[in-house]
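Each of the two complexes below includes chain A, the first together with chain B, the second together with chain C.
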Partner chain A sequence: MPQANADIVRLDGAEKHFGAANSFIIRLDGAEKHFGAVRALSGVDFHVGAGECVGLVGHNGAGKSTLMHMVAGTLVPDSGKIVVRGASEDNFSVPRAQQLGIRCVFQELSLCPNLSVAENTRINHPSLTGFGWRRKAADLIAAKLDEIFPDHGISAFDIAGDLSIGRRQMVEVARAFTLTQDPLELVILDEPTSSLDAHTAGQLLAFVRRFVAGGGSCILISHVLGEVLQNADRIVVMRDGKVVAADAAKSFDRDRLVTAMGGAEGHQKAATETAKTEAGPLRVRARPARQQDGKELVAHVGEIIGLAGLAGHGQTDLLLAIFTAAGRAKAGIEVTAPVALVAGDRQSDGIFPQWSISENIGIRSLARLRSGFLISPQREAELADFWQKKIGIRTPDVSNNIFSLSGGNQQKVLFARALGSDARIVLMDDPMRGVDIGTKLEVYDLVREEARKGRTFLWYTTETEELDNCDHVYVFKNGRIVANLRRDELTEEKIIQSSFGDAA
Partner chain B sequence: MASLQTLIAKPWIWSFLGALLVWLATVAFTGGYGGGGMITAALSLAVFTVIVGVGQMFVITLGPGNVDLSLPANIGLASAVAMKVMDGNDAMIVVGLLAALACGMAVGAANYLLIWALRIPPIIATLSASFIIQSIDISYGRGLQIKPPPGFADFTNWQILGIPVLAILTVLFTVGAAIALQRMIYGRSVLAIGQNIRAAWLAGVNVGRIRFLTYTLSGMLGGLDGALLAGYFRGANVDIGNEYLLASIAVVVIGGTSVAGGKANVPGVWGAALFLVLLLTMLNTFGVSAGVRLLLTGLIIVGVITVAGGQKALR
Partner chain C sequence: MTAAAIENQLKGASTRNAAARARRLRSLLPALSLALVLLAIAWLNPRAISYFGFSLMLNLAIPIALATIAQMFVIAGNELDLSIGTFVGFVGCVTATWLKDAPLLGIVVLAGSIGVYALLGALIHLRNLPSIVVTLGMSFVWQGLAILILPKPGGKAPDWLLSLMAFKPPFIPFPIIAALLIAAVVHFGLMRTSYGVILRGSGGNAAALKRAGWSLLKTKILLFALTGLFGVLSGMALIGITTSADANIGNGYTLLAIAGVILGGGEFVGGRVSPIGAVLGALTLALAASPLLTFMHIPPDWQVAANGAILIIVLAARVLISRRER
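Showing the complex of A and B:
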């Protein structure tokens, strides 16, 4: 393999640890990609070896997703070369990638919402034909779900659209690992744990390690740096469309990663203030519909209240009930101020795809943007510009379409929509999915700042670290509140204990 | 230059281009004879399609499955109500118009009531409503053709310098509708619901109220159309609105409004209505038979939608 040998010459330190060049599953040389004037990738060299888990980290818009689209064949590089198992691929495409055993689980979930889990599985396995294909597909996916997530509680005949986002993500992941005709060599996992709670995320990562130990390869993209550090063999750091660091995972620690990613160096986790002792006026009092023991969620002016527990145990339901109660009276729920909601499932709950960034921000504040009877385009633009600067939405122009933004930046737009409105209560439905660490820290600061100004936040999150920002945390199980922890009582063990313990 | 480019990027420009082409073809065929009269006639007739087309546009923009199929029956009933109330008496014109509007609004509100209370899809709700309305119309109008008051008939046919006054008023109305669509909370809410009804709800849009208003508006415009048609054609009858079922949907789609909802434009309704009327005139001028005329109309509509609607999806 003369071609491969030539490459070894310019390998830097990282690659030396790992096998010979001909055991590469896939290699990209000098990949470039432009979208209009935006340069998404500028000359990236990237490879994955057999039996290797490569961690890929970087801020939103660093080019990770673009690079992965090339590996999966959904995007063709403007220039550069793709080599699979030592053979150069000129017409690399999705079917070709599939044939070669490359699968991917993208960040934007791709299940067809109107089909069942089994039917969705069949889409990837054309060899399941004849009578009883549904049954075969169902067995295939059920077995894989059982293997990865032993207590998943998903039926293969559930309609995908009816599943919670966390369960959809589990199906998506399991589907990528199902095997019929095509080989299975490399699985790309783009933010696979973003909608999973700590327990299921742990199950998934343990499975990934077993898969890699068995000779499979994986690319793991995650904003949760701990996951990458613990599970990857090698870590590639991207920034502004380039690879800026690539080394064995052992040689990285959290600080080195954050420094390499850039932007958030001096941004240590803000010192947590002492828990408030005095409560202001009441903002929300809510009892979950299935609560029988009189426990209820209480939030006062200026408080940040966390909703914790395993994903899909009634946290979102309660937020939606509170949202509804703000519009009309509802039994068991008291809301004393205007409410806005920051969606976590942004494609189905948040984004208006036809609209510009500024229209997406302005929709919650239309009444205030009027002069006379008409909405003033100037005021709308001012509002958008203000928030673009304040939370750093990366765009040259807020009148661009919302889809010109990367996923994390779309999420910032949803924050801007809520924070820019007149709402005194902000409900957050696990809003940090797919958001990079730098942005997260900025948003945490913003949330605390707004809370000091008297806003109340109800914050459902699947990431335990985020609960450190909360004054109070309610732990949910089976649609009920099972624990109410003050910040000074809050530990990960306590949350996990309450999540799995018997409901009182 | 920039303004020319933005003009070309507008989806409604195609319908006007189509109308222009059809007109040129006809004028070329007749050797330049009757070009002006053709425009006057086209404006007079297009008005009726535009009025219901705007209502239908707001309904269709509410998102997939939203369509008002009760317009023809609604127009028929309102024309009878208007003529009966006016009763050939010039003094009753305003009262008759108001009665037609009220009748249309009642139909629209009933449509939404069916959709909301019984949770049936709008297509079924408005279609079944139209059967009921038609029955009411038949028993109410007794199949008689009732004549409009002379003042009202004159008003609907009134022209200044070859331009129908009704067309001028309708242009003003559509300007208002365009402003409502883009610059008023109502229009923005309709667009938001059409793109993603759940996201609209979570962004604080009052989904139920906006949908109610939209179906009521569509019904009201159908009622207005019925009264005006009865004046223009000098008499109400049950079938007067029949052609406006397909026409109202066709002008919305040809005009560049997305059938998937969430994207609408008002000027295109005018362009498309003129295009359809001129197309018929052209085919009549060419002397083709009725069957061929229908066939060609269908094919040309498909062609225009393919060309104008062939926008590639974002991402």
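Showing the complex of A and C:
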């Protein structure tokens, strides 16, 4: 009966001050969207209530981003209705969404790297003009950064391009919560923690809880299921452009979420597989440049070696040093086989944006793809087709442009590039950033399979769960190896202890 | 936990300071290269460092600085204008003929040409065309129009323009005052105003700007219109100095303007430009172009090549500093 009452209230259009669960900030009815022949969304009903944090999960390519672009006004649905605060919006657009207090932090970093933090704040606030606007913008963003990320160490006059990727993400999140003349009702956070370390991610999620408790609304998209389970009030699961489950967060657990997303198989295998005992021939021996004691990283044939620790503590530097050492001799590093690198920041270091999928896969294997002086298109296509089938790159045609793929599938292309090459050592620089759980599980299997065949993997990751796949884990702090853990002595506590503890 | 946080903060501060230091060094480079050229001139010919010497040496610096600023606006939006040189020539021909004989017609034509620039910006944005292609085509259009207006070198600058460019303020030579004024006005407009942020942002991350609800069509039109405006000012200033026009008078300006922007710390993509740097770059080029080489007793036949060599040296120094940044 209370349900019915609330519905009547809503019809009266005075829902704002009544029961949180029934006062919708935004509601989409039967939203549909096609991109050419691809149906990205097929009739989705979705709503967000006031003072509610909605968790949105699903594979890459399940339609989450498309749905969020509609909520933010950057995409217009082909059919369906958008209702904001009970009023139907026929010409919904970005400025309209902003007027109504809907903000979005997109997955791709959307700061202007040539502008300062304050100037980037100004871009989202048309009202920051006139005399003294720089001071106002600087105060606005600095106060918000202080509130969300105490001890953030960012100045409002830093140029965005000079900041690390984690700090850029912090600025972007803080910017979405700054307030000038437009109201602030709903913030969409698309993978907000993908570039943050555990400490700052915790600060952010705590802030989100405070924001929601204060009556704000939030949509949280994350591939870290624990984050969604702990912080969302309600969880919506999407698959193949449809909502397949929507329920209170309490009624979900990890397994139910994974099952709903359709990526269940193979998860248990990781933990049960037995560690290898005998060590094969040496593949890599490397000492970080800043290492003062005798600790060094050692990898043998068929081993998966994890590089752990807080983000940006020298793991990437060591991987790059090993990569260089494969080409020419370098002091303190020994590499005995060809090397390939899977980049973490795929937009800037990984893909060739103008090229097709098959060209992106073939670039690391050009010597093998040659016929005479030229690259043979057939062999390139064969290689690409093989890997498309093997790791399930979702595309009708590998000669399509790489940008026709979703983020997770682009990352698969980078894996195919490395695994399809002659490299016996594969360096992975946190490659699973912002990749959905289904793709992750597929790639884990692939990595273990390739390791059994004798490939060596050096795997830097910021997600502790992924380290379960490794035979050996080195924990980094301030550019040095501070701990060296075998799989059987690996626990999250130990890693956190070494990452935060004093370097011995 | 707190220890880690503090350490994190220190680490962030130090890497950022390094980046900021490198950037400061790079932003000082245009001033340094100008100082170096000035020192060389002072060493070779001390008498040149005087009111009269500067007025003479920097005579042509004003139109070069204006053309460089014009080029800087399109570069701020990740585009390139290959027609600015012939456009300056076209404006010169209009200034030396119609603007003197039929001022109203001259004003309409010059305002119209700024309008053409704005339309080019709209066309490039709407049809997603490469600006290099469009402006390369336009460079022949401007050149052809200039020849139609003034088939043979000649014409005469309007008197008010002549007296403006011949202005002799006390103590500080006019070209230096003009350069300071240009740099200050454009710096304020592009670097300090709130809409200037949007203009630069369109070169830095156009997609982000669009998502925030700004019109990219408007920024592109405005950047191109500003290029047209400063191109017009450059052509008029040039004729004010040379007193008569020639259809080919501005041809060298295209590459000179691009070099000036880059010399001044700008980059071809990413919206990273500096108006003050661009003016300094233009002054450096103007001085290195002929006064320095004349004092070095380099024969005129070799001056163009020597000019190029100086450009390569300065740009190489810039690349070396940027590389240290990483």
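As a working rule, the second predicted complex is superposed on the first by the 456 of 504 C-alpha atoms of A that agree within 3 Å, B and C clash if a C-alpha of one lies under 4 Å from a C-alpha of the other, contacts with A are read in each partner's own complex, and residues count from 1 in each chain.
FYI, a residue touches a chain if its C-beta (ideal position, glycine included) is under 8 Å from a C-beta of that chain, and two chains touch if they have at least 3 such contacts.
All figures in this text were calculated on a predicted structure; none of them were measured in a lab.
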Given the superposition on chain A, are chain B and chain C in a clash or a fit?
clash
In the overlaid three-chain picture, which partner chain does A:I333 touch, first (chain B) or second (chain C), both, or neither?
neither
Partner chain in contact with A:E119 - chain B first, chain C second, else both or neither:
second
Once the shared chain is lined up, is A:T74 touching chain B (first), chain C (second), both, or neither of them?
second
Return first, second, both or neither, reflecting whether A:R417 touches chain B, chain C, both chains, or no partner chain.
first
Should A:N401 be classified as contacting the first partner (chain B), the second (chain C), both, or neither?
first
Give the label of whichever partner, chain B or chain C, reaches more residues of chain A.
C
Examine A:P95 and indicate which partner it touches, taking first as chain B and second as chain C; both and neither are also allowed.
second
Going by the contact rule set out at the top, does A:A138 touch chain B (first), chain C (second), both, or neither?
neither
Which one of 4-12, 58-66, 130-138 or 166-174 is the stretch of chain C that crashes into chain B?
130-138
Determine where on chain A the residues touched by chain B overlap those touched by chain C, and list them.
none
Listed in rising order, the residues of chain A that touch chain C in the complex are 72, 74, 93-95, 98, 104, 106, 108, 110-115, 119-120, 122-124, 126, 128-130, 133-134, 151-154, 158-159, 162-164, 167, 199, 310, 478, 499-500, 502
Give every residue of chain B touching chain A within the complex, in rising order.
179, 183-185, 188-189, 191-192, 195-196, 198-200, 202-206, 258, 262-263, 314-315
Going by the contact rule at the top, pick out the chain A residues touching chain B in the complex.
323, 327, 340-341, 343, 348-355, 359, 363-364, 366-367, 370, 373-375, 377, 401, 403, 417, 421
Could you pull out which chain C residues touch chain A in their complex?
1, 3-13, 15-16, 19-20, 23, 192, 194-195, 197-198, 200-201, 203-205, 207-214, 270-272
